[in-house]
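Two complexes are shown next, each including chain A; its partner changes from chain B in the first to chain C in the second.
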Partner chain A sequence: MSTQTLPAPGAADGTRRRRRAPRAWLGTLPLLVFAGLCFGLPVGALLYGAVTHKEPGRATSLTGENITTTLHGAYLNSLTGSVELSALTALVGTVLGMLIAQAVVTSRGGALRESVLTASGVLANFGGIPLAFAFVATLGISGVVTQLVHLDTLGWNLYSFTGLSVIYLYFLVPLMVLISVPALDGLRPQWREAAQNAGATDGQFWRHVGLPVLAPTLLGGFVLLFGSAFAAYATAAALVGGSVPLVTLKIADALSGNVQVGQENVALALSLDMIVIAGLVMAVYLPLQRRSTRWLH
Partner chain B sequence: MAALTPTASAAPHDSTPKDGSRTVRARRPRRRVWRGVVLGLAGVYFVVPLLASFVFTVHTPGQGVSFDAYTGILSADGFTQSLFLSLGLAAATIALVLLLTVPALIAVRLGAPRLRSVVEVVCMLPLVVPPIALVSGITTVLRWGPDHLSTTPLYQTFIAVQNESFPLMLVFAYTVLALPFVYRSLDAGLSAINVTTLVEAARNCGARVPYTVLRVILPNLRSALASASFLTLALVLGEYTIAALLGFRPFAVWIVSISGSEAQTSVAVSLLSLLITWLLLLVLSRVGARTGGGAGAATAGSAAGAPSASSTPSASSAAKE
Partner chain C sequence: MTRLRVRPHGRLIAAVALSTAALTALTACGAKSDTADAKTAGGVKASAATSVADFGTMDDLVAAAKKEGTLNAIALPPDWANYGEIIKAFEAKYKITIKNETPDAASADEINAIKSRKGQDRAPDVVDLGVPFNQSGAEEGLFAPYKVASYDKIPASQKDAQARWYNDYGGYISIGCDASRIKVCPTTFADLLKPEYKGKVALNGNPNKSGSAFGGVYAAALANGGSFTDIQPGIDFFGKLKKSGNFIPVESTPATVEKGETPISIDWDYLNASYSGEFKSKGLDWKVAVPTDGVYAQYYSQAINKDAPHPAAARLWMEYLYSAEGQNLWLKGFARPVLLPSMTADGTVDKSLVANLPQVSGTPTFPKSTDLDSVKAVLAKNWDKAVS
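Here is the complex of A and B:
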């Protein structure tokens, strides 16, 4: 906006702006310095540590060994475990969130819509430690529902891949609802009417009009959900300890010295792997978000 | 994300009446059943854990109902200490993140548009680094202290930022985590007002720059500032990863530490924290509604709830976890 309005006042304004520019630049300085020190430095140290090898008494040397280690054995298991869990929960979360959002958007009650949106905002926030404990109380070994329905005799175990998925969906589905309600609102009812007048069935409408328009939102939502699940640590740490292989748990183990000496840099390499995956996720998400914004306005 | 929300308030008005048109009516009964099933199942899935948690906190099999888990929270060992530590960290983080971003964003709009993309990238980059990766980087840097710097004055700084009673290191880390959400919130707020015009008008009236920023721009940003602060507060109160791995003991770490011995109390505190989040969100949507005003007054409540809501979850997923 500013780029459009600034030149308008004409040449007379030019000198004033030129005088103001250097001082304005100073306003961004604290932010940039802070980001360099508190974000750039740790991330730089992480990158450096991930590609170097350090042993007491010997010089630090450049190596790809740490990265290679993370792509083998238990470390690789934890990476694929995290990716599988995130992909599965993101997929289920996208579908369920979309269905709920569609149910809310097509309903006529304003009160229902508002309460679902508020509830989604709160529940999507209900991550981390409190969520884990709520589920322990509900579906854990001595959880209320577990005891009531005797789930344990059916082979239910909260402290497993499935259990963790059920918990993750508790904040992923509301997140998807929040993402898809505005997009579904953007689907003009006229489009559906036009399709129906042209003789299209509901299925044809969704296949040829609805889903293509929603695709960037759906994909962007999926990717965001994936990223959320992938970076999650607290819930899993409070809950499963080491029983499900997750990369975040492995990094935490390595950082707190639960592995043999000299492996700290492997934790850094694992972190680097995570950054690469999260970077890919964001590289997909940001353009999609921009695109869906353009489509639906 | 915030850019999407205006439709949330506008669309129901033009979509609802048209849904009732004759062409659609024929299919409505089937659709209503489908909708009921979806919402019903979702309701069960989302309400049962909350109800069950509550039952868990007040009912012990064989001993009947008691509210000791709730009355005992205040006197629980370490509760007030950890809560006040978290609140203090939150206040410091909010102050720091606003002091860094507000001048930068205003400066970018007023006189340094070329820096705009730089500031945006710097603010959004923390999204790419999961908290656990950030903390592994921080641990590495902090290890330099004793390893290489113990003879230099810098070492004192390293000690100071890790002070047990008020770990500044956490404030810095939380500020980094909050940057993307605060940036988005403030950027959306600044887009809604025409900063250049406002500043030029104020300066033509003889106002100086500090006065203009404090009395003209900031009041117009009230709801954006409120939502940025709320996001940061929620983020800091719930954050576990960084605090736990750096060995500090704010609120979330405290809940975990008591969960072994006092399971009921830990669940009770978890429920209360949900309740508090919900109240904060309500307060925030009120603030947004008052400043929103104008034509959309009737829907302002839901519209204000939506932007905060749509950016909050990302805050929780990136940071709380």
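Here is the complex of A and C:
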């Protein structure tokens, strides 16, 4: 959308400038209203619920109890469990995705590149319950591959932290490939030639030129993968139930179940914790993103 | 959406989806029509009627319900305790359409639906709740007191003294076992620890969420020296089962059972028993045993939404469920209806159906709701630690 307004015929420069500022602001109003309604309201409601307490027949009272509860015992466990799983899978996913992307970018065959990118686009969106059941059918206890290679005798267990990590990587790696290919394309061959002419080895090129330029993309990819894994719910719910402590599963237990009563506000407090963690991760990424645009565009 | 997607397209899609959702929410909130709550022949509003007498006769109640024409139900899975047949039978008998929303919803979702749709046409009229939710819902004033004709025959321990809820059907925690894959089926909790059951024992969900899985842990507690106020031995039992590699955290469903993923499943006996028949045609020999060392029974309860959009239909549904016909239909789904003792006494029970039930010795006792509160807190605190 263009924010430039044409000067009214015959209007003096001065008047135009004075009238332009409020108009530009007005232009963003729909966006602000939309953001306020669709993002602000839910966050407000969440915040309100997280710090209040209501008993039937009594007035609502302000309390820090919900948030304290989420930072103790099983709830704290689920938060650290989620962070561990997301950080590990995001790290492995970033490295693997970047390596695959590099292989694709340097390969000569255009067909390979096209097929890898298309496959990545599809697989990066393959999640939830269908993915869980695909894995159960192949790598579950009576899964085809498990039975064929006798994985169970090797100690393989799909319904564990390791199993869940493998499943998450199934959609995280393709996502990283999609993110890294444009960045790797942006690494100009001239830089490499220049480095070689100056007598740099491959290792030196990557250490002093390649990786510093790619660092923001790598970090950005990591953040995105982290968020993707952190917020994943359906796959884990279908697969491990309560045996791998994850914050999204805990929220579901508290909100919708046949056992726990009156835990809604704890669920809201847990969501608030999630927003804070996601915010902290984003805070690391944003300043670095500015640096990357300077080089790659 | 199941995962966070922050691609540019994702944002656009999310924006469109959100605004559509907001618009739908705004336009779909049709207010409850006033005509629904007409005065009955007895001169009382249908929503205030506390028994058939308030309508006049049973025929007056049927007429009032027929006039409303619809019953909003929620969370009634057709393959659970024969609800599919009960719904069809009710619809055929009274020519009233049942809108069964989200058959797989949980009790918490039902309570949420009552609260969030207050005064709307699509609020649920009746709810089928897990034990912890009937008492809390009644305390919050969500349910209408109503005494069905057979109210007095319901044992005192299984009903609210103010008739805001009463138990409907229940069953025992049982061990289902695929005899075509398992040589000797386990019949006690102690059996489950045997090394031959490695990687084979599952619960129907996470006990912090699923009522039947919660019952499974409770029964295991009773089998291992626990009590209604002490569930820790049950948690420890599953911890032991997990360490030995016998316990698998897969939520057992008919699908996982059929595929051999969960060859041993701890679940309500009426679910396990109904799977037996279903699986027979698929070549599976599904055996059900109520463990002799941990006998635990639990009932679900019915309640009427205080602000039911179809108050007469809601009351007719209750009368139907607690009639001999309704109770026998639950029995046909292998669930034990709450009136089973009185129906056995007066001979209205279908004896062939009783003979099909899994065998249990002794009479069940039930935990108090205060017991439940304390053990749930223990479970929430210690379950993850034990099985992860």
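The criterion applied here is as follows: the second predicted complex is superposed on the first by the 238 of 297 C-alpha atoms of A that agree within 3 Å, B and C clash if a C-alpha of one lies under 4 Å from a C-alpha of the other, contacts with A are read in each partner's own complex, and residues count from 1 in each chain.
FYI, a contact is a pair of C-beta atoms (placed from the backbone, for glycine too) under 8 Å apart; a residue touches a chain by one contact, two chains touch by 3 or more.
Predicted model only: the values in this text are computed from it and were never measured.
Visitor: Which partner chains sit in contact with A:190 here, chain B, chain C, both or neither? Use first/second/both/neither.
Guide: After superposition on chain A, A:190 lies in contact with chain B alone.
Visitor: According to the contact criterion defined above, which of chain B and chain C contacts more residues of chain A?
Guide: On the superposition, B touches more of the residues of chain A.
Visitor: First (chain B), second (chain C), both or neither: which does A:275 touch?
Guide: A:275 contacts chain B only, not chain C.
Visitor: In the superposed arrangement, does A:253 touch chain B (first), chain C (second), both or neither?
Guide: Touch partner of A:253: chain C, not chain B.
Visitor: Counting only touches as set out at the top, which of chain B and chain C does A:245 meet: first, second, both, neither?
Guide: second
Visitor: Return first, second, both or neither, reflecting whether A:73 touches chain B, chain C, both chains, or no partner chain.
Guide: Only chain C is touched by A:73; chain B is not.
Visitor: Regarding the shared-chain residue A:141, is it in contact with chain B (first), chain C (second), both, or neither?
Guide: In the superposed model, A:141 contacts chain C only, not chain B.
Visitor: Output check: A:213 vs chain B and chain C. Expected answer is one of first, second, both, neither. What do you get?
Guide: A:213 sits against neither chain B nor chain C.
Visitor: Once the shared chain is lined up, is A:152 touching chain B (first), chain C (second), both, or neither of them?
Guide: The second partner, chain C, only.
Visitor: Between chain B (first) and chain C (second), which does A:118 come into contact with in this model arrangement: first, second, both, or neither?
Guide: Only chain B; A:118 stays clear of chain C.
Visitor: Need the overlap of the two footprints on chain A, from chain B and from chain C, as residue ranges.
Guide: 34, 38, 125, 127-129, 136-137, 171, 224, 227-228, 230-235, 238, 252, 255-256
Visitor: Looking at the complex, which residues from chain B come into contact with chain A?
Guide: 1, 3-5, 7-8, 11-12, 15-16, 18-21, 23, 27, 31, 34-35, 38-39, 42, 45-46, 48-50, 52-53, 55-57, 59, 61, 99-101, 103-104, 106-113, 115, 118-119, 122-141, 144, 172-173, 175-176, 179, 191, 194-197, 200, 234, 238-241, 244-245, 252, 255-256, 259, 263, 266-267, 269-271, 273-274, 277-278, 281-282, 285, 301-302, 305-306, 308-310, 312-318, 320-321
Visitor: List the residues on chain A that touch chain B in their complex, please.
Guide: 1-3, 5-6, 9, 17, 20-21, 23-28, 30-32, 34-35, 38-39, 41-46, 49, 96, 99-100, 102-108, 110, 112-114, 116-131, 133-139, 143-145, 147, 169-171, 173-175, 178-179, 181-183, 185-186, 188-190, 193, 196-197, 202, 224, 227-235, 237-238, 248, 251-252, 255-256, 264, 267-268, 271-272, 274-275, 278-279, 282, 286, 289, 292-293, 296-297
Visitor: Okay, in this complex, where on chain A does chain C touch?
Guide: Contact set of chain A toward chain C: 34, 37-38, 56-57, 73-74, 77-78, 81, 125, 127-129, 136-137, 140-142, 152, 159, 171, 224, 227-228, 230-235, 238-245, 249, 252-253, 255-262.
Visitor: In the complex, go through chain C and note every residue touching chain A.
Guide: These residues of chain C touch chain A: 2-6, 15, 18-19, 22, 105-109, 112, 130, 132-133, 136, 139-141, 199, 203, 205-211, 214, 242, 248-251, 256, 259-261, 376, 379-385, 387-388.
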